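The two complexes that follow have chain A in common; it is paired with chain B in the first and with chain C in the second.
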Partner chain A sequence: MQTRFLALLLVLPALIMIVLFFILPLFASILGAFEVGDSFGLGNFSKSFDLYSKDMIFTVVIVSISTVLIGLLSIAIGGYLTLGENPRSVAILRWLYRWPMFIPFIVVGQVLRTFLAKNGLMNNILVSLGILTPLQTTGFLDWRGIVIAFVWKQTPFVTLLVAGAMASLDRSTIEAARNLGASRLRILIEIVVPQISGTLLVGLILSFVTMMSVLSVPLMINAQSPTMLTADIAFRINAHGDYGVANALGVISLLLTAGVALIYLRQTMKDRL
Partner chain B sequence: MTAHIDLWWLPRAFILGLLAFIIFGPLTNLLLWTVAEKWYFPHMLPLEYGFTFWQRVFSPRGNAMASLMTSIIVATLTVIVSLALAIPAGYALSRLKLPFRGLILLAFLIPQAFPNLPVYVNIARFFYEIGLNGTIAGVVMVHVTHGLVYAVWIATAAFSAVDIDLEEAARSIGAGPLRAFRDVTLPLAAPGLMASAIFVFLESLDEFTGSYFVGAPVVNTLPLLLYTAGSGGNYQIASITALLLLVPSIGFMLVVERFLRADVLSKVGH
Partner chain C sequence: MRPFLSVEKMSVGYGTTTVLDKLDLGIRKGEFVALLGSSGCGKTTLLRTIAGFTKPFSGSIRVADRDVTQMPPDKRGMALVFQSYALWPHMTVAQNIGYGLKLQRQSRENIDARVNEMQNLLGLAGLGDRKPGQLSGGQRQRVALGRALAIDPEILLLDEPLSNLDARIRLTVRHEIRSLQKRLGITAIHVTHDREEAMVMADRIIIMNTGRIEQEGSPEDVYNKPASPFVAAFMGAENLLSMQARVQGEQVELMEGSFNPSIVTALAGRTLATGPIELRFRAEAARLARSEDKTVLQPGTLELRGQVTSVSYPGGHWRHAIRLGENEILVDADTPFNQGEAVRVCIPAKSLFIFNVVEGLAEARAL
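Right, the complex of A and B next:
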């Protein structure tokens, strides 16, 4: 009994930090979303839908496309790392894919803003290679730029998790299928991916939540309308001091994420029990 | 073995080359911008190279040095506070009997599992009322909360990876619990704790959203400087600042496995 008390005492300060500086403000934001003047109501929500319903769809579409692309790429890279038969290519790929992982979002935003712009390095290279003429160039600094930034930054993280799970799989079924003549693609889809789907899901959900809360990338790559809800929240606060609508938008993005987070919680609880 | 020409090297080389371009193209672009004196469309490469902007960034009057100092102070304080909270918590979570252990571990994930922008907005409002807005302490609090999941989870894994027999051996030859912890468990867990410290340091160094609402414009960290320089169209200054943020992150990526051994890594989150 005494050690239990001691254990709780040791954990408590860290838990208090989370409650004080995350959970309480979270409740404040939910409460604030319903505050209209001195009373409570749904005014902030109707205003949010009037002004920003386009951005809500925009946000969900962008984050969903990015999540799907991240999933496909991480399976492809992880699959090659596990099943690839050319040791040199596997080694190069293993060295190559991780680079963007620890690069902060704000740096990703700056780097890709200069790279993808209409007169950025990417178009300049294509023009000087003769693939495009200067008149044909287009900038990618719209929804495509945001998707590229998210995929560029988040794929290594999910791949790291997925490749780790694939490496710890039992090789005997893979070898058996290989001996029976199954192609590597088929082994990947039918044997490997089903066994690591839990890890893949966890990685994708963490990425989904991360993308829903990144402010710097939409601000730097595409701040004009339509943009992501995070940029709208910042705009509501900085330009109007309008906490009501900002909080309502926060609750909406929270609800969009909550569905996904629920899947995640169920997954981790299942693993833990 | 007859000569066997494997034509698969061609698509392999093509895809790896494309991937290398996708990853290093933008990074090369950043490096070019840091030394570009003059660069406009449709020239593929800068017309003039030089270090004028570096001089401007690092001149005593430039605000980059001040931002760098602010960032390092905030990150160091964040590491100290996080470890002071995470070492006891990690020890309890790995060694002692704790009710609801799984739920407590999950609780530290909450700041990563919800969109944190609405939270920062309300923290900023609350901090404004109690005078913490625009102070180093306020920014540190926000960074600690965000980075605590790394600190606690890695510290827990690091303590779990230390053989409990060693601690019990020290106890049986007469060491008190604190002495056994200080002389046996803590040194053995040190590499893992070092990894969690580096993680927290980088998280703090790179954090933008929280600093934007709680710190700006008084506490001007490097990410905030990068953002203002970039939105002012000053791509050279923004790129040099981005490079300053990039170097520690990439350096850490290259050495992370030395600190985070597989036996610790496999216990993270358990």
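Right, the complex of A and C next:
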């Protein structure tokens, strides 16, 4: 009996932390989403859909495009690290690819803002190289800028997971394919990627959820309409003090991420079996 | 006649370490050759270099007068069966076996027909839709074999393909692989550290030690006429005694020692010089007799006098540890002797492997 009490006592601090700082605020904001004036209703949601349905689609499309691009790039980089035959370029790539992971989102937004603007560094270089004339330049500070920022920042993280999984594959499964005459590209697509698909999926889902919650990048790069839901939530609270709609928007993005989180849970359960 | 597969003056290594130094090897068409040696002797490196996964520093590899030294693995007409089988877990049995044909852009019908043929040949019929994870060890091994054979290679390379199997299955798979190889008439190189496996399967055994070929020959040859102490020890002659020998013409005299009277026997093809020798024999080659047993021995039979220190029954015969001063030897007998009993150990001349003591003995002893 005493040991049971002791065990409970040991768990208690962690339990209090979770209830106090995670579950309670979450329920409060979910509840807040249904509060209209003094009664409960769906008013906040209908207002959210009226005002921000475009932004919801914008958010989902941007995060989905970014996720797909991150997946392709991390497979390409991880594949080269695993199958590359030039030891020096493999070593250089291995050293280089992780750097963006250590740069905060806000700095990524700021760096890319100066790089991608209509008269930013990228266009200046293209003009000075004679590839574009100043009149042909366009800024990338719209949905494209956000996608570039997300991909730039999240690819190293997924690559880290993917390359690790590839490195721990049984090398002889790769050699067996080479023995039968498979090219490196085919080995990557038909032999390597199918064997690490679980890890890739988990990495992409974690990235998806991260990108859904980033505020700084849409604020820095694309503050006009349509923008991402995170920017809308911040705007509702900061400009209008409208916690009801902000909470409703929060619940909506929660439902979006819950969809992919479900895939994540099913995958981890499958791995454990 | 030139051998079908020949390796000439080949040196291989990793970084600055040389594993194989100027190695020569020739294998005839249709021959089953076993590369036998303990781990780290270079046998797997040799196989991987022949397969094309490791580039040699120098030397050449030729198949039927075609120089394949610089060719990629798939252009050499060889297929490798890996120790871990290296089956692709996400593909079915049929997809695994048919992958090589798919890479050759063969038609769907051709692939299906060949995969069926392989499955029937290897007793995998009806398992085509299973994933490797749903198969037993022996079945996986056969899928790996089927995948290698499906592309109809000229040379089959086997890298310890039986080492992951249960002991009982291993015995049957040995014979399966051997009879399959005979039926297909394919040239095969089999890497193993299991002496019995090499003996049962191969036409010719190549015994390797520290990157060199110690001896090559038929199973009977390497078993009965080991050319070096290492080969003798590796082929089961684990009992080791040190003596002095005197060579006179075609005769060699083993000098009297603390435990044995001197004997004279014919050299019988052994190359020996007068001086210290090491003598090896197998536990089953010696005969045990009670010390009061006065049976007259055949001339040339070495007689040792010792004391039984322990008796065990590994099956079929009794194994005795016999103490001779500092040394202990193992001797088999059909009936058990008592612990502590004084005995005579009689070893016929033809079962004695005698070598002059040379440098490098330490290595052989380490076994």
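Rule of thumb we're sticking to: the second predicted complex is superposed on the first by the 258 of 273 C-alpha atoms of A that agree within 3 Å, B and C clash if a C-alpha of one lies under 4 Å from a C-alpha of the other, contacts with A are read in each partner's own complex, and residues count from 1 in each chain.
Keep this in mind: contacts are C-beta pairs under 8 Å (C-beta built on N, C-alpha and C of every residue); 3 or more make two chains touch, one makes a residue touch a chain.
As the structure is a prediction and not an experimental result, all values here were calculated from the model.
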| item | value |
| --- | --- |
| First (chain B), second (chain C), both or neither touched by A:I263 | neither |
| Which of chain B and chain C A:I131 touches, first, second, both or neither | neither |
| Superposed model, chain A: greater residue contact from chain B or chain C | B |
| Partner chain(s) touched by A:G181 [first = chain B, second = chain C, both, neither] | second |
| Which of chain B and chain C A:T3 touches, first, second, both or neither | first |
| Touching partner for A:T173 - first (chain B), second (chain C), both, neither | second |
| Partner chain in contact with A:L72 - chain B first, chain C second, else both or neither | neither |
| First, second, both or neither for A:I189, with chain B first and chain C second | neither |
| Touching both chain B and chain C, residues of chain A | none |
| Complex contact set, residues of chain B against chain A | 8-9, 12, 16, 19-20, 22-30, 32-33, 40-45, 85-86, 88-89, 91-93, 96-99, 102, 104, 106-108, 110-123, 125-126, 141-142, 144-145, 148, 152, 202, 205-206, 208-209, 212-213, 223, 226-227, 230-231, 235, 238-239, 242, 245-246, 249-250, 252-253 |
| For the chain A and chain C complex, residues of the former touching the latter | 170, 172-173, 175-182, 186, 191, 194-195, 197 |
| Complex interface listing, chain C residues touching chain A | 51, 53, 72-75, 78-80, 82-84, 86-90, 99-100, 103-104, 147, 151 |
| Touching residues on chain A, where the partner in the complex is chain B | 3-4, 6-8, 10-11, 13-15, 17-18, 21-23, 25-26, 28-29, 32, 86, 89, 92-93, 96-107, 109-115, 118-122, 124-125, 127-128, 134, 152, 206, 209-210, 212-216, 219-220, 230, 233-234, 237, 243, 246-247, 249-251, 253-254, 257, 261, 264-265, 268-269, 272 |
